[in-house]
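One chain, subunit A, links the two complexes that follow: it is found with subunit B in the first and with subunit C in the second.
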Partner chain A sequence: MPERKEKYKKVAYYHGCALEGTAQPYNTSTRAIAKKLDLELVDIENWNCCGAMEVKNIDPEIQTYLSSRVMSLAHNGMGQDVVMAPCNGCYHNLKKAEYDIANSKKSRDVVKKISAKADHPVYEAGQVETIHALDWIKFGYGEEELKAKIKGGLKGLKVANYYGCMYTRPRHIFPEKDQGGDSESTSQPHYMDDLLEIAGAVNVEFPLKTACCGGAHTLSDSDTSTRLVLNILQAAEAAGADVIATECPTCHSGLEMHQIRALKRLSKETNVKIVYFTQLLGLALGLSARKVGIHENVSNSIPLLKSRKIA
Partner chain B sequence: MRSVADIGKALDAPLPPSDPVAAATFLLFSGEEILEHWLLAHDKAPTDELKEGFRVLALHRQGARGDPSFNACRETARELVYHYNLIRLEPEHQDMPKRLVMMLLVAKHLYLFVSGKMEVAGLGEFCCSSKPIRLNSA
Partner chain C sequence: MAIHEKHLIRPENIKTHDNLVIDGVDVSGHWSTFIETRVVTDYNEQLEEEIAALPGGEYIHRCWQCGSCTNACTVNAINPEFNPRYWIYLIRMGMESELLRDKEIIWQCVSCNKCTYACPRDVFPEGVMKATAHWLEMKEHTAPSNSTIFDEEFTRQVVQTGKIEDGRILMNFLKNSKQPLFQDWLIEMVKQMVWNLPVKYLFGMGWATLFQPKTRSWAKTRAAIEEHIAEEKAAERAALGLDPVE
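And then the complex of A and B:
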């Protein structure tokens, strides 16, 4: 544990494309937390797309290369051995690339060939460790230390923690999970629950915490996405949640947009608010709502947070 | 076996309030049925085997073979079983109505995920008989 604390104190920060666009509040709040907790984020310069879903669906080897380039930049360009990716899509893809490079000669050959063509050092398996923002705070700062740092806290706010599908799947690309002790569970993830409980939230029992939000076909089949999201929102409300805490930009924007669409298209209204977990942590640490970008969310949680004297 | 559309309609209708175990059994069975549709659309005969005592888990495992993305509903199937067990073991529990509502939402999610995936994959408009039509027009 102390080893990880030292290791995660300064990490290469790979925010990816979503955190520069629709998930800007996730970026804002992550950076604000880093500053507050004295954790150093070093931006990866000249980064590229991780390959997201689009490239992966067409050519998984190209996705492996794209993610490998990001890891190569961190290791060979910056001398960093930890990459922190708050976006579930980026995190998932870097982990997948790591697995493919370690286990598939074909993947290694493709990465080698394109890296040579692009004139940058080839990424070799094991040169960096990719972690999520949840690992970064839980181990880089520490739970006991976080407890001591909480100011005001979340005052019993009822939270449904929603992890989405990419944080834990497929299992084989996350060899560090399901190892018992303080490792994350792929079937019942709990790191976000742990951190928000420390921050003063009451976590509700939420059976759809890893269920699909329909993010992959939000444009090609919006109605299916709307129905899936509506079901998630209704389940969170039935569980008694005031807010849904998210840690995936795709899930977050899907929940926000389809909450509105469900009202317009299906006349189904839900009132649960959608907030990034980093925003909730930031508020609990005494940062202002503006500092953690609450006003940038589509889902307006300001009246709720003000009424509870959290913001 | 009911059509996919009929399963969806049944999950939108109110559950019989008088017998929670019967309602939970109906929801568990709905989960099995939607997974059977997924398998049939892939020309696989749905298994009658049980996994950890439940056919819905065996059907899910069968459905995910060769299609790892189908594991995105693995936990949903497991939650369905969990809620079924909760209701069956403690039908008089004060939280029973809440548990039943939650089980309904879990069953609905399994239905929405599988039926949506079938539609996106062009496997039929919630009716096995339409599959050849789709395939011929492709």
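And then the complex of A and C:
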């Protein structure tokens, strides 16, 4: 869609807390791709946490307010009408805040009240469009253009694409999905599959694309999370995957952590590697392993990628 | 008479007697097994209203018991006792004591929202699970769960500084939930990470843990958020008929 190509060429970049901490490689590789593809990322000045699931559990309207502040900064502070969030948590929360502000008077009232006290412009529904890194590359750069830009490629690397929960659920906060045509599907998401196929990967038949990794309780109920993650890892291996591609920092670090924990606590060993989709895409575009932060991952995919001559 | 399908009855409700005489008739042996008569006398007629007064519980009244939530549930797949459809039923019927039997597992909802996705009535069962877990804690039927301890630490950091820092969350959570900091998986994870990482990243991570990232000019925002949360919490306690917290 040429219209979106224009719109997503320069976006407000909301990387959020996780991408400064455990998910640094996601940040590194996203920025490297932007540079390589000439897409402009403008950091949101003086941003705050989106509220995540934790603040929602304490007070849902405060989570809505926190996300609204970020969108207000993009719209009022920077004059941007698109916010790109690679983190599923941030993406989900901004979408949820957008829905709640548009549909709930209580949410609107709280956002208005706190914004006034905090002395910044109120965010109004519809002022920005929140997109995921997947939308950004698929439509902002374009699939045909990406095909032409692939250098080296993924050489038939077998990939299980793992989207997790927050990218598609609950459905009502994603009104643009399930609309037919090239819109994303909430039951069978495929944007990551599409991009990695263009990059030369072979996507395996993976039934647990939107299964839950137990990320909400990764520390507070670790035994449950370990069992959920083990399911995902074993399903990916059974499907013949070399790597699991991720697009969510919570899923990614959960998979890494519980792969180790499953070995330690349940003596269940799995060897599938866990890599951010932006890292795979960067490698396929000819960026070095270091440029996409492969060495920053806990899951060590370097020997695998070297043996396949991808890195 | 022998009871068939005993698995449908809770073991504590099956009464057997070695020797039993009823109305002068000796029913020892095969005929002495009975099911405890089930009489519910402790309905809490306010239960549904109380849950509906907490965030997430608002739409519980819409449920028509189709069971799509339990069928879709991530946690139910690994623990059949985890049954959102049943808990919604108990809450709507006011069967508090029956609900309390499962009080130690309700907080384990992982918020994957598969239930919300499957629900044909927009009950938002994920929210109902959170509301129920909070209700159990507010009524002091359970101690704060690990989930709540984590949420509170996370929220405390966000409210204070506008941002969170992973390392600090992990350390404070383990401390607050009285777990040892040196977990075998954590040591292994750090080992694997350090093996691959250049020194500058380690330095950066240490820096972030020591000097927490902050949103600038946050004081007014923080005050407004704290004030709002305090008001909401007071309203929630009032809705449950509880005294205000000091």
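By definition in this document, the second predicted complex is superposed on the first by the 311 of 311 C-alpha atoms of A that agree within 3 Å, B and C clash if a C-alpha of one lies under 4 Å from a C-alpha of the other, contacts with A are read in each partner's own complex, and residues count from 1 in each chain.
What we mean here is this: a residue touches a chain if its C-beta (ideal position, glycine included) is under 8 Å from a C-beta of that chain, and two chains touch if they have at least 3 such contacts.
Keep in mind it's a predicted model, so treat the numbers as computed, not measured.
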| item | value |
| --- | --- |
| Simultaneous placement of subunit C and subunit B on subunit A, clash or fit | clash |
| Which of subunit B and subunit C A:His217 touches, first, second, both or neither | both |
| Partner chain(s) touched by A:Glu61 [first = subunit B, second = subunit C, both, neither] | second |
| Which of subunit B and subunit C A:Cys165 touches, first, second, both or neither | both |
| Partner chain in contact with A:Pro207 - subunit B first, subunit C second, else both or neither | first |
| Contacts of A:Asp38 with subunit B and subunit C, given as first, second, both or neither | neither |
| A:Val298 touches, of subunit B and subunit C: first, second, both or neither? | second |
| Subunit B or subunit C, by number of subunit A residues touched | C |
| Partner chain(s) touched by A:Glu144 [first = subunit B, second = subunit C, both, neither] | neither |
| First, second, both or neither for A:Ile232, with subunit B first and subunit C second | first |
| 24-32, 78-86, 96-104 or 114-122: stretch of subunit B that collides with subunit C | 114-122 |
| Set of subunit A residues, in rising order, touched by both subunit B and subunit C | 165, 169-170, 211-212, 214, 217, 220-221, 224, 227-228 |
| Subunit A to subunit B touching residues, read off their complex | 165, 169-170, 187, 207-212, 214, 217, 220-221, 224, 227-228, 231-232, 234-235, 238-239 |
| Contacting residues of subunit B [partner subunit A, same complex] | 68, 71-76, 78-79, 82-83, 98, 101-102, 105-106, 108-109, 112-113, 115-116, 119-120 |
| Complex contact set, residues of subunit A against subunit C | 17-18, 20-22, 24, 46-49, 51-55, 57-62, 65-66, 69, 110, 113-114, 117-119, 165, 168-171, 186, 211-212, 214-217, 219-221, 224-225, 227-228, 256-258, 260-261, 264-265, 295-300, 302 |
| For the subunit C and subunit A complex, residues of the former touching the latter | 55-56, 74-75, 78, 108, 110-114, 116-117, 124, 126, 130, 145-152, 154-155, 158, 162-167, 170, 173-174, 177, 184-185, 188-189, 192-193, 195-198, 201, 205, 208, 213, 215-218, 220-221, 223-225, 227-229, 232 |
